[in-house]
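Input: structures, listed below.
Each of the two complexes below includes subunit A, the first together with subunit B, the second together with subunit C.
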Partner chain A sequence: MPPCPVAPDALQGIPRQQTNPARWQGENWNEFVSTLQADNIDVIEDRGTRGIYSTDAGGLAYGMPNGVIIARDAQQISTLLRNAQRYHIPVTVRGGGLTTEGESVAFGGVLLDMTGMSRVLHIDKDTLTVRTEAGIFWHSLAEELRRHNFDYLSAPLNLTSSVGGTLGVGGIDVNSAKLGCSADQALCLQVVTPTGDIIECSDEQNAELFQRVILGYGQFGIITEATLKIRPFTPMRMHYFYYRSLRSAINDLILLDQNGVPDYSGILTMMDKAVTLLIAFDSAEREKTFFEQWHKQLHGYGELGFGIRLASYYALHPWRLNELFFLLRRKHTLFPDLQPAQHMRNGEIIDRTVVFSRAVWKHWGHKNMVIPDLATSVDKFIDAVEKGNAVCKHYFPRYTLYCVGIKLRAEHKAHYELSSIPHDAKDFSYGCEFEPILEENNYSRDYLQSFKNAIYDIGVDMDTSYYRFGGMMKAYIRRALGDEVVEKHLALKRIADPAMILNRNVIF
Partner chain B sequence: MSYSDNINNSNKNFNYCHGCGLCTLVCPAWQQQKDVRVSPQGHAKALQYGGKIKAEALFSCILCGACSAICPENIDLTTMLLDLRQQSEKTPAQQTIENDLLQLIKLKHEQKFSQPPINKTVFLPGPELRSNQSYLSHIMQLLNNRYDIAIAGDDGYDISMALEAGVEIPAHRLDSFLQPIRFSIKLIVSDGLLIQKLHHWLPYTKINSTGYELSQLPQIREHIKDSDFYVIESRAYHCNFEKNVSHYDKLQREQFCQFNLDLNRLAIPTGAVSNEKLRTAECFNTTKQAEWMLSNKQFARIIVEDMKDLALLSKISDKPVLHLAELN
Partner chain C sequence: MRSVDVIIVGASLAAAAAAKRLVDAGLETVILERQELPRHKICSGILSPRGYRFLIENFGPLPKKALHDPTWCRGVTFHFPCLIPMPMDFFGGTTPHLHRKYSDYWAIKRSAAEVMDKTSLVGLDDQGTRVVVTARQQSGETIKMAARYVIGADGPSSAVRKAIYPEYTKQIPWFFVGQKFHEIIDCPLDEEYFHFWFHPELGHYTWSHARDGRQIVGVGFKQGDNFNQRHLHVTAYLEEKHGVKLKPADPDHEGCAENFGPSLINKYIFGKDNVLLTGQSTGFLNMIGEGMSCALHSGAIAGESIVESICRNQPVQTVYRQMISSEVRRTTDQWNPLMIAFGRPHEADFPKALMALSRQDRIKVLKDIWRFLLLYKEFRWGRQLAYSSLQRILRGKYLSQRWL
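Coming up: the complex of A and B.
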């Protein structure tokens, strides 16, 4: 039995043996590298560089690639994939590395760093589109667009997500209930297929490839360029409403979303004790309409009203004062970061992505990002969140729930086939992330995995789906999507990627 | 001497890097090369895995300090980079620079400077302003209206250059530089890299940059127009980020000018203040960087805080470029 190429020296003095015969064990690596070098492709093999990519934002999966290639153009990637097919070398593609389940971690083989392709190629002011290389961070794209007074439609609340990575998995913003997921804004793509063909695709041209690549978890090709819709930049008018009940807040969120009231909406909680419904508007007119027609229908309180109710609760439950102190401390540190003076003008947030993303890293960032989620139809959402909340309570003293809606596009149904969109969702899908606040506590990987499994088991019981179902959570794919869908896509994958080299172990 | 032994105000080193990538996002060297190995994240993660960092990657950095300002873990990345530079194996060209700097440090140590009076505000103008007497005397005149001020005989530019080049500074030279200014009420310093270190070396002394001080003066502020593009010196700005963000935000609200700030409110540097001789042209191109800073910006004139930015931007822009002091 050969030695394991991933961590041969993990146990000192005891050679680690490869126990999974299906795993690539380093065969043909030297020939593969020599061939690429002959084509002037730099394969970086030093330990320090490989170490840069050893884990992802989740910080729970660790693996080392045998070599790293920094993406430079589609032709280079084509040559890489042709040779990877020829020599049967696994290729793992990475953008911002913001996966949480090891999807962008290479357990041997090549790690392809797409951030090397980060140029904005063209902004078309007439058609309101941008053509960009797909390794670009959304934030870098926003920097370019802002200089022309444009903005993208929607992107994850994270500065370092890449465009290509997001289009491959979906991407959710606080305006997804209005505009759909981030992948919905893609009009056409340049894709390098697993066999090295460079193909332009859209819903009109090579539609089948487009439909498999969008929300395809990197199984059917590498997105090298993307044409996206853009819009004129507008600052955001933000309002917060506070609830003591998850159910009331979710009901109000769904009410507003389904009636198309806000431009941005979501729920952010501190455990289930302080539930905040955030809604925001792109224009004064829409804001005015909300206050005239919808505000009175909401069940949330203003800050003062909620504070009085919270104080009453803890006056009657003094043994929970520690919790109150946590809430006050959290409010004291978090809320100023949600409206920092330098990002506000006349009460409007002018850089929403920056404000939210920095707050995410500052207040939720940790060496382990544990964010299991549930994606459901509207009807199942409240039950799913309440069940997930009970699991959070069982595992952690402090946690956050983040709920947001996604408008589904009927014409994009084919895109959603192997995705987090639940099979029974119509018009809207809702997602909730369950995020423990780990602070300085050190939990074992087993404990964190057990928590994730407990959340995902709710999904199995409720016959619904998940946003993060790849990598370490892929055991849930068949249970969530069913054998028929998985077998269909596996058969397509085998045709598209005969040596099964591209993003191995993410889905299949 | 390891700089971090003496001057690091953060207890966190590269081991604390979680790899969030925010430093990469804002790193001008990464933006030009699109290679994570030149970013602080790349250095930190490589070190965590026992890797060695090549001098070429380390010296691609222009030490703008944006990474330290944005790091959510508050890792003092600039100090980490300076430490790594000191420990790195220098190229022959860098070795020559190191030898020249050691000579300069020796000379400066032996030189007898006039001592600035105690209990005064002391101005460390740096070599560029010193070589331009008309600017220097005008700035002194402006600052004199506000402070009881004296010019330091020794403004420590050899120390700043040594820091940047990764050259170990002899303790006696550091002492001879700090001793005369140790009891100053306030220091006004043009060199941004030096400001960061002075905050650590003299923790109880108020220290501001020349740009910050000049832009506080009403007679300067009133001449900043809404059609101006104002270039903040990034090293000074990032080393006291929280305070500077508020200061320049207030200036923007009052005068409506544009700044060289990105969406994170980090200053986009030209890199002109960095020592180009420490790197090859492929590693970092200041002209390309300045062009990016100005691209798609509409303005009538450029206002700069730093003399090197003045020289660089005057070359590449067809609009008037003025030093802040010229506004009065």
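Coming up: the complex of A and C.
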């Protein structure tokens, strides 16, 4: 034990810590603003505008920037960062603001709003790529691509996240078990480094920078443009199977994913005894193959079979009837939104981006987006989900679990170094989000944070990983990744960002 | 008349936590403090691990000046008339020994709220859409300010609470706690622990620990008794039974009124309309009298509630009472015998320490605890405690209808 375990220079690791740091005190702010204004960069300082950015989707961390800058182009961002280095001004970058631990909240300094850079620059039909500004939301990109009958490969279900923000953290879709995470779709990037250099990078050109920026939590540069893979648009044929147990649903999901059967797959629970396996296909042929070769191997029921089993369970457990009413209410409201008539044609979903994004906001959206997750290797997944399920039960009366596979790419191993991809995962990683249904209830921030940290703690205790929505959390990163990895990246960060101004407190 | 978003009365840890939440969300916040800052505060200064975590999370590492020596505490040791000691380490590791004069001032400054010290509250007038606060500065000047909300974070003898519920003070039993400081001749009590006595003859609340080279001997009793006599009785007991040899008490003794009951029987007082009470003014107090972690958390929740109330256009009392329920549950669980037996509500493991004793010793300790509890019989809390405990089991929560 150090001579004084609570002195500032001997701070011990404590089991949890919210990223809610003390406010930056404003040194050199006026000189900094004057310099930027001389370069024709508009710094918005009125309280109303700054207040728009006071929290993120998590709604647990609040902070006011001293000023807001709307991103216009790489040159403007370069000037901003050069001066921020010179005057030691913290810069926090925000796309859709969908972080949940305050990573896109500025506790003073500059808030750089990337949504000002949201144009699609070029679609290349021959190489199947798109070049886009990085502040664009995924739904806007999807809309632009659809005009040319293309689609992106994978994007977060919540489509008001920005392309740049997603590439920095991961991005998981229902087709990630087949195509990998969203960050895997990036071919090359234009990045403004923390010292203001504008650099084009990819696995071939400035590879070190590319590897640090992809899944790098915004520590090594601001992504201003990205070239992404695209594919021809296809409608989606969706099927549901129902389970009474998480374990058998997860086993079936893994079986299908590892054999490459569905194009889209995931598990969504209404309760831990009402589990839905969703699988979908891009083509009638693949759908047919599934029904001919794989359907009978599944342990799930159809809607009628499951309904009968559920009814018999509650007939024998009448004191739990309120659960049944909840399930019926949930089914009545949720399922039509997953197959809305205006987005269906011949039984196929033709606008999956809209359907999923709307459903996510409508049924899981809340003023506090509370969606901690665990990411594990295939072997540890069931155990992790069951432990997380027990934590949910302890904290909330109703919650949803969402499980999905992520295909890992051996050639992208260098990208994953600082990411939440578990170190022991091979070929596939599996993720589970734990989403309390908060409805109209008000919970204190500490209560919600305690719940989230209890989930993250499972990840650390099981030597696996957690949390994809913005980072690994400063207080957890050493426990999660170990000192060696953290020291390596911290040393790189100190070289790349000498004044440590870019996205402070996110992981360093 | 100046108009701000929120006025917080008191410059305590609860005030700092509330101010942090409000300033972070961009609300103009002014703190009124009766004394000149940094101000002295009577307190053991032994913060619970949960409170320590809150400080680090929200204000950063503690400066050296905010700590007494020994700078940290490993846990709590319970003592009984049977003289069987029960040392228990905190689950969360060592915790700081706060120098409240400087730790509170440091947290207040880190919150970045505007502070008006040497300014006492004179009166409140809640006009529905705003609260007009009248205060008097030490210079004699009277000022008036308007705020959308007022938070009372001014301790057990809260002036804000008195302004909105003038009769409340007469409705609950009051205790006096006082501590004296002694030069040490010989003290076998382990200085890494906070020591507490379950001894009916010593008083309702008896403690001792080391601070800055001296030993604190503290006593708590029903208001009206004699502090000096009580204190002499305890020092004589410590010398006789524990071999604690101390010089006579130094002149810098201190004491204050305490409200032990509300947490125990779930009878909190959270304010009225646009005036919120928080910290110890509501009655929040952990078992063995640690109030700082409750103050930090409830203060933060008061601040959060105002932010939520403004963002969602909901009445602040409704939001506050929903959001504070988790803190009520956590605090009152600490006094709930069923939770103590089965739920591990404390930050040190009492049942485990108890089970580690031999069967004979365990019986002796339990008998001593029972005799100690009888000391509180006159307050008639037993039935209310049983009712609250039952509600907790049946409904999973404590009833908000009992709150003022």
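Keep in mind that, in the parts below, the second predicted complex is superposed on the first by the 478 of 508 C-alpha atoms of A that agree within 3 Å, B and C clash if a C-alpha of one lies under 4 Å from a C-alpha of the other, contacts with A are read in each partner's own complex, and residues count from 1 in each chain.
Just so we're on the same page, a residue touches a chain if its C-beta (ideal position, glycine included) is under 8 Å from a C-beta of that chain, and two chains touch if they have at least 3 such contacts.
The structure presented is a predicted model; accordingly, all values stated were derived computationally and were not measured.
K.L.:
Should A:51 be classified as contacting the first partner (subunit B), the second (subunit C), both, or neither?
P.N.:
both
K.L.:
May I ask you to decide whether A:23 touches subunit B, subunit C, both, or neither, giving the answer as first, second, both or neither?
P.N.:
Second partner only, subunit C.
K.L.:
In the overlay, answer first, second, both or neither for which of subunit B and subunit C A:107 touches.
P.N.:
Only subunit C is touched by A:107; subunit B is not.
K.L.:
Just subunit B (first), just subunit C (second), both, or neither: which does A:139 touch?
P.N.:
The first partner, subunit B, only.
K.L.:
Under the stated touch criterion, which partner chain does A:362 make contact with: subunit B (first), subunit C (second), both, or neither?
P.N.:
first
K.L.:
Going by the contact rule set out at the top, does A:303 touch subunit B (first), subunit C (second), both, or neither?
P.N.:
neither
K.L.:
Classify the contacts of A:447 with the two partner chains as first (subunit B alone), second (subunit C alone), both, or neither.
P.N.:
second
K.L.:
Could you give the residue numbers on subunit A that contact subunit B in one complex and subunit C in the other?
P.N.:
47, 50-51, 54-55, 367
K.L.:
Where on subunit B does subunit A make contact in their complex?
P.N.:
Residue positions touching the partner: 18-22, 24-25, 31, 34-37, 41-42, 45-53, 70, 72-73, 245-246, 249, 262-265, 295-297.
K.L.:
Write out the stretch or stretches of subunit A touching subunit C in their complex.
P.N.:
1, 4-8, 11-12, 14-18, 20-23, 25, 47, 50-51, 54-55, 61-64, 107, 367, 441-447
K.L.:
Provide the residue numbers of subunit A that touch subunit B in the complex, in ascending order.
P.N.:
44, 46-55, 57, 59, 70, 96-97, 113, 115-118, 135, 137, 139-140, 142-143, 146-148, 159-160, 341-343, 351, 353-354, 358, 361-362, 365-367
K.L.:
Along subunit C, where are the residues that touch subunit A in the complex?
P.N.:
For subunit C paired with subunit A, touching residues are 21, 23-26, 49, 52-54, 56-64, 67, 71-72, 92-97, 110, 112, 297, 300-301, 304-305, 307-308, 311-312, 319, 322-324, 326-327.
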